[in-house]
Amino acid sequence: MSEKKRYFIENIWYAAAWEYEVAETENKLARTICETPLVFYKGKTDNYIALDDRCCHRAAPLSIGRVEGNCIRCMYHGMLYNENGQVVEIPGQVRVSKSLKVRSYPVVAKGGMIWIWMGDPELANENDIYDFPPLSDKVNWRGFDKGAYLHYDANWLLIVDNLADFSHVAFVHANTLGGSEAYAYSTQAENIQKGEDGFSMERWDRDSASPPFHAKVIPNEELGNTVDRANIIQMRLPGVFLMETLFTPVGWKEKDGRENVREYRNCQFMTPETRNTTHFFWNYLHNWEIDNSAISASLKESLLEGFMEDKVFIEGQQKLLERSPDFVPRSIAADEAFAHFRNKWGRRLRAEDEANPLAHKENKRTIL
Amino acid sequence: MSEKKRYFIENIWYAAAWEYEVAETENKLARTICETPLVFYKGKTDNYIALDDRCCHRAAPLSIGRVEGNCIRCMYHGMLYNENGQVVEIPGQVRVSKSLKVRSYPVVAKGGMIWIWMGDPELANENDIYDFPPLSDKVNWRGFDKGAYLHYDANWLLIVDNLADFSHVAFVHANTLGGSEAYAYSTQAENIQKGEDGFSMERWDRDSASPPFHAKVIPNEELGNTVDRANIIQMRLPGVFLMETLFTPVGWKEKDGRENVREYRNCQFMTPETRNTTHFFWNYLHNWEIDNSAISASLKESLLEGFMEDKVFIEGQQKLLERSPDFVPRSIAADEAFAHFRNKWGRRLRAEDEANPLAHKENKRTIL
Amino acid sequence: MSEKKRYFIENIWYAAAWEYEVAETENKLARTICETPLVFYKGKTDNYIALDDRCCHRAAPLSIGRVEGNCIRCMYHGMLYNENGQVVEIPGQVRVSKSLKVRSYPVVAKGGMIWIWMGDPELANENDIYDFPPLSDKVNWRGFDKGAYLHYDANWLLIVDNLADFSHVAFVHANTLGGSEAYAYSTQAENIQKGEDGFSMERWDRDSASPPFHAKVIPNEELGNTVDRANIIQMRLPGVFLMETLFTPVGWKEKDGRENVREYRNCQFMTPETRNTTHFFWNYLHNWEIDNSAISASLKESLLEGFMEDKVFIEGQQKLLERSPDFVPRSIAADEAFAHFRNKWGRRLRAEDEANPLAHKENKRTIL
């Protein structure tokens, strides 16, 4: 009997899908989260339902089934599941055992994103879902109409790691999001606040030229000015990154007000698909000329270019780590915030593991 | 020393290849059956020979060798094997040790299909090969000139499972082979006969419209009629499915004679390539206007369309089962026949395993 | 705690890359040798440096970094490594711990090839690198301007095995490098010399027609002549093959002098990438009309055609061996030289294993 290793916290909300993703595929979507194959579908009151994507009878995928009100029908032998995962009809069979069911999961839509709770439903409280007001505020903020999605062939923590140390911007993104290698030498993480569920911090780059992604969207007359740039981030379990970016006149202070400040808001949600792959959701919003769609289009292109630069490193790390089981990473000073995050995550993982140890049941099936 | 799990019955005949498959590739064919790489070739009297496809010297594939009468020459260093798998010549070497050999397997051709016995040759009796007379009867029946082949990325039992419950026809094949979802509600398996080597059963759909695959090939004047449809199947170990399908006038009984009955015969042979992949051979025959090649062509297209519908489910199940080692399937009433088959197969598997336990020899090779 | 198996000798020089390969990719090259991902780069005095291709901080690939003199900068967070693998700069951090480093490996360029020592640097002696004078002798010999490279999906010993028994030339290369199947029957390995680091041997094919690869490049008036052909080979650990090929007048003896002899020199270096894949480097040189580039082009094409014929067998063997863990190869008389090589290699492998047993450290990482 081999021991099983736990890779994911369960009692927490994960970003699962943008609402439009479900809408665009006949109101149902197959997606694996934390190595659990799930089907998400939209019920009769535009409610969302998530069930194990595996009919209890013969493991046929429910996601190739048919949504019928709040139910979904397995289209192999026609078994009908309700929103609780209970089988309520078997064609040609009169009585249906109560024991025929699949697991259902709490799901909530917020800010265009569907969130799922992978653990004990009794503990799920939708007020714990992180709020990111700009995503819902169509008056002051403009992002992409459809939140963006990327798939990473890498463990989610490698992406958190990337975002937890902005010195990488200087080298990975010198010609896109960063602007210069000097950024790594002349700026520092400031005001690191550590909490039970993550950390926040700031990084100020003062009196510098605008980096390329910003220079592409501001009025020409501002291009010659140097600016102060602030990145103010929050990173929360289990992979929620929220960032305010300010471009201000040199020497600006909060008391000067924000009239002359150009602002961005960025959310990135990293959700494990498997231990080696990640769903990555993001949007990037700005607060001026919000009806000029060219700005948002340019930002999307710039950010995507930047993420592709990251992907080379992150997926490269993943490959090397898979091939190097004995590798132990060495710390540097800039790791402080990520080390805290990793530590808090590890403690919760171990606590869940102790409360509910994973046992490997021997597979007696001979069909596979 | 790890324990090995047995996945296949050995003392039984498996469908290995259509005869034309061997003929079309210079009279030799590489095919893996029950995780055993084999080479099939045609000898000097049109006899078939099957050997392990792995030269005993250095594991070069014999299937890229050269057939010489009843022998096959490994084209790496020229070693010549006879039909018993014995090396009879080593170029440049005078004496050849009797111990240089590969395993040979009993093979028999019947009805255009080559059958192989994977177990103890002493026990092989070619009379045990299932007979399907329509495959050889060119006077009354017409199928495809060349029996068809499909490859499944799924364990063979998932295909047996599919065929053992015709209620799936209602949902998977509503627009092709089935005709309507009502089929699942209004018809039942009847006359289930269980035996040591499998089961037979019938399913009658009375007074219904012809399903699409049949409607496409019958005369226009019959299209408005409802019919009785019978599917009378046999499923035999280790994966032999034979079916008679009758379309009769409503209320027809056997004593009425078969003049006004349109009949089909269908064979499907499921042979494990590996525990996760299957060779699937089939033909579909009809008994009227047999010289009208359009009928057979239409039936082939319809059936293939139907099998592709099945494949989505079956390969979907396979993927989910591979990812869900702890999944235990739950039974419904319609599983009776398959459960019997699975049970009989499991008993034979265990009996062979007890008689001849698999031992894992430690691999001392360092070359791999 | 699982036991680890050792697959590679470490205290030995391996052919790692042609020099031009490094030059063509901005003076740095990622290449895995003996399952160790490495970055090779060219320093400020055209010296070569090899480091583990994995930043000690977060396992980012150094090979997507930037060469700066004798240093290479990890372009993720900007850490700078010197030629000894020591971190000498961390942007934004004042002190750098001496413990931040990656492994560096002895490397030497010779005859256009970069050689690497995978074991204890104290034991590395560059005089132990096999010399192949024709590779450096531009006056008397002409090969390909750029040494050739092939990648094999096979363990390196399967290629050594191939080269250690020239009877395969008769069957695998009858129409390319060999000339006839008779070669396997009428010629024998002669003068086999066995040593601690490998073997040498000869094979003479007397009074035969020129094989196709040779016939394509000699003057027309020689085509009607039969010749004596000698292949005089050396095979050295850990995968160095050197061959002299002579085409002489029939009955020629060394005392007759080499004026009427057409000669080739061939080197083939087999370096394990992983236990299942191999880097294969080669060149093929001739000693007449060396300014006629058509000869070298024809030879390259002929040899490549021959290697492709080998590859089918070698990669076929690999696949069968991976699927046949219990297979034990059977010996024939022609295996003598390879068996000796295999034995000497196995003894060195075990000796290194006893001196320095591989321990599997438990991976406590949860990020992968």
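Each chain gets a letter, A, B and C, in the order it is written, and its residues are counted from 1.
Operating definition for what follows: a contact is a pair of C-beta atoms (placed from the backbone, for glycine too) under 8 Å apart; a residue touches a chain by one contact, two chains touch by 3 or more.
Note that the structure is predicted; figures quoted are calculated from it, not measured.
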item	value
Same or different residue numbers at the subunit A/subunit B copy interface, by half rule	different
Cα superposition angle of subunit A on its copy subunit C, in degrees to the nearest 5	120
Cα-centroid distance, subunit A relative to subunit B, in whole angstrom	46
Set of subunit A residues in contact with two or more other chains	none
Footprint of subunit C on subunit B - complex, ascending	35, 37, 53-54, 56-61, 64, 73-79, 90-93, 99-100, 360-361, 363, 365-368
Complex contact set, residues of subunit A against subunit C	5-7, 155, 157-158, 161, 165, 167-168, 170-172, 181, 184-185, 187-188, 275-276, 312-313, 316-318, 320-327, 329-334, 346, 349
